[in-house]
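The two complexes that follow have subunit A in common; it is paired with subunit B in the first and with subunit C in the second.
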Partner chain A sequence: MDTVNLDAANYKDLLKRYIDTQDEQSLYGAEQISKLFIKNNVPPEEIINLHIQALSELYPNLSEKTGHSMNFLLETMISYGMAHQEYQTLREKQLELKTEIAVAAGMQETLLATTKPSIDGLDIGVISVPAHQMNGDYHHFIKGRDGSLGVAIADVIGKGVPAALCMSMIKYSMDSLPEESMSPKAILENLNRVVFRNVDPSMFITMFYAQFIPSEQKLRYSSAGHEPGFYYRKKEDTFEEIEAKGLVLGVSSDANYERYEQRVEKGDMVILLTDGVTECRDGDRFIESEEVLEVIKGYAHLPAQDIVDHVYKHFERLQNFQLRDDFTLIILRREV
Partner chain B sequence: MGLQSCVNINKEWDIVGARQMGRDIAREIGFGTVDQARIATAISELARNIYLYAETGQICFEVIDNINQKGISMIAIDSGPGIRDISQVMEDGFSTSGGLGAGLPGVKRLMDDFDIKSEEGKGTEIRALKWVR
Partner chain C sequence: MNLAIEVTEENIKSIVSLSGEIDAYTAPQLKEALLPLTKADGQIVEVDLENVNYMDSTGLGIFISALKSSKENNSHLKLINLQDRVYRLFKITGLIEIIDIKAAIRGGSE
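For the complex of A and B:
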């Protein structure tokens, strides 16, 4: 129905028709006009003015008091009009910001990009999905010249743009480390100093760093206060928590990190994650870690990448497709 | 250029006086009801700021009568504390009423032309102008 338009004559006709018939069709017309008003940013005081004009043309003998009352109504609408205009400006600004953040998110993606390497005898699955536009989780693979695989998984306490900026710094620092010669312990100690010196004290970063050495079938790792991962023993078909103590990055200038080691048997899996996985919510209830493990177990016969994809889909659905926190899950499995 | 008429702002009641004078002038030179109401609202905002932040000051009106257009110009002057960061004050959502579209950014939108001069510790001068459509 595009016969509606905003001119005064049209409003007057519609008003007249309604006063004469009080039919629903005129009210439908009013609804259409109302939408047009909004679309064209007509402030409420102008609408009342339109009404006053229409009334005085239709009923020139209307009482003076009615006229005064309409003017009074018009005055009370002025502030609504101002608030509406501000709302319009803020809406435009919000759109601008959204576009800017989308560009920043794209840059971040390029900056933090890491490719899943192929290591003989190791099946790797990884998924990392931001809750909002920018990801506050970080993971990185480094293939050493000696055939080892370095895996970093990190989480900034905090979300959105500040967290993302922080992660870019971590990535830059890791790139400038003298690479594969370094142990997980040394890498974390190094990063800790960088974070301590450069990051706002209110911002903390947790990281788990693991190194898989194929020649020895060993996993070496250290943790900086990161959400504990899990170790799956194929033979017993059981999971156990990977225990690793260590201070969150950036709290103390000279934090020391312990080194841990674990032999990896055929078919065993190393599961690394961020708290976005273990703190998924089902309604108001936080899920238990066991639930994550149950789901993983359910897909354990699949390749590692399919497992992580399925686990993500499971919890995405459980949370009605609205992630509350960035979600990163990595699975390493020694192939049989 | 017409004559200047001024209202002193010393107490809250004077805000009403300033509105009245502004509205009378606006009506006389041909502003419609809606614009009269907008002008009165702009005056209120400026006068209330004087009353709240500078305690005393003045609002003056001037009729502008060019060959092709007529308008009303108002100047709010005080020797109060001044505004340190004008850009910040002109940002939407900064005013204490927060997000209701009022305050100085609101005045700017209600009028056709708007200008602030202010020096910390010396005072504030705000000019605003609206043309008859």
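For the complex of A and C:
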């Protein structure tokens, strides 16, 4: 209450000075005092009340009508006071939410963490950059007992927190699959049933699952509606789209996925990505996949990890670059 | 960029003409306009995408929920006049196999 009393005296002095002189200084004082009011959560009707008190003390002979009009004004301010109060509460809540999301993002990172395994004869590079606080892209490496490598790359549609929560579900379903049944086709069919049963109708997941078998130098894969990756043939120095048909996860309960196989020659690369890579924009212009491949080619002499890092840096440097979606790029290369 | 939605009713057919971009900002608007139409038994809901030059995956989500709703309510969802970029999204995701879709006719070749 003390500050209000102090402010009251201050307000009265300033008002008197302004009425007498109309100088800038007292207007500036009014501005300062209003900032202080806001800081101390003084509602607008309280300020009018101050004004009424100050007026009646300064000019005791003011007309009765002026007094009535002031009381009228006071009444009209009450809703503003309540709105202000609500704004304060919302601000506090927003701050709370922001903190909670930061904690959740941290947890997500721990939950979904995957380590790049080392596979004899295979060079692996991976980069994943979220567009917002939480990443809706997901990638996972699994090293099988037979020395094979499983790679999953996925994109949850529906962004932000719900997407991230959905990812954790996928990760745990994948962890609970027995290793024996780990063909890409079987994995996608299993996950499809999990997603179909558990997510909102407007949410879905695209996933590409590949398995590299070093003993046969073969890549087996299946796709659930995922952005097509690319296959680089060292011998011809050309890229081709990895064609794989398949419906996104979570749309139809009985979706079937086709199995595909590709022999991997020395120096060949498998490039997997999410649509964040082909959906980034430079101003109004979309970055086409040919452009991404050109950049990859430019760095092809480097280790796989350096290639993916350079590709991201290359696009990040473009003047009007906008990351509209999470960006994930994985490169696997059979070492020479 | 905005999305303009125009709905014309013809007997048992609702034609939804869209123009603009479908992304995370405009998708809720589309959902609100489209989903109720799919809830009427026997209704044909035709969405004209001729003037949609950009759609992101949030838009796909809306069409997937519209498809699910049309199956539940025995109505029919149909997408027509899709531009290349938009058509590509339905193709990659395998949705062209389960949604009634016609791409834009180009140069009278079809």
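The criterion applied here is as follows: the second predicted complex is superposed on the first by the 284 of 336 C-alpha atoms of A that agree within 3 Å, B and C clash if a C-alpha of one lies under 4 Å from a C-alpha of the other, contacts with A are read in each partner's own complex, and residues count from 1 in each chain.
Quick note on the criterion: contacts are C-beta pairs under 8 Å (C-beta built on N, C-alpha and C of every residue); 3 or more make two chains touch, one makes a residue touch a chain.
For clarity, every value in this text was computed on a predicted model and none was experimentally measured.
Engineer: Which of the two partners, first being subunit B and second being subunit C, lies in contact with A:N71: first, second, both, or neither?
Structural biologist: Touch status of A:N71: first partner only.
Engineer: In the superposed arrangement, does A:I213 touch subunit B (first), subunit C (second), both or neither?
Structural biologist: neither
Engineer: Of the partners subunit B and subunit C, which touch A:D325 in the superposed model: first, second, both, neither?
Structural biologist: second
Engineer: Could you look at A:L165 and tell me whether it touches subunit B, subunit C, both or neither (first, second, both, neither)?
Structural biologist: A:L165: touches no partner chain.
Engineer: Which holds for A:S79: it touches subunit B only (first), subunit C only (second), both, or neither?
Structural biologist: The first partner, subunit B, only.
Engineer: Contacts for A:A104 in the overlay, against subunit B (first) and subunit C (second): which applies, first, second, both or neither?
Structural biologist: neither
Engineer: Quick check for you: in the superposed arrangement, does A:E227 touch first (subunit B), second (subunit C), both or neither?
Structural biologist: second
Engineer: Does subunit C touch more residues of subunit A than subunit B does, or is it the other way round?
Structural biologist: After superposing on chain A, more of subunit A is contacted by C.
Engineer: Taking the superposition as given, does A:A30 touch the first partner, subunit B, the second, subunit C, both, or neither?
Structural biologist: So A:A30 meets neither subunit B nor subunit C here.
Engineer: Which residues of subunit C touch subunit A once you look at their complex with the stated criterion?
Structural biologist: These residues of subunit C touch subunit A: 24, 31, 56-58, 60-62, 64-65, 67-69, 92-95, 97-98.
Engineer: Using the touch rule from the top, collect the residues of subunit B that touch subunit A in their complex.
Structural biologist: Its residues touching subunit A are 32-34, 37-38, 40-41, 92-93, 99-102, 105-106, 109-110.
Engineer: Taking the complex as given, what residues does subunit A use to touch subunit C?
Structural biologist: Of all residues in subunit A, those touching subunit C are 155, 157-159, 201-204, 206, 224-228, 245-248, 251-252, 255, 275, 279, 324-325.
Engineer: Show me the residue ranges of subunit A that touch subunit B in the complex, using the header's touch definition.
Structural biologist: 45-46, 49, 52, 71, 74-75, 78-79, 82-87, 89-90, 93
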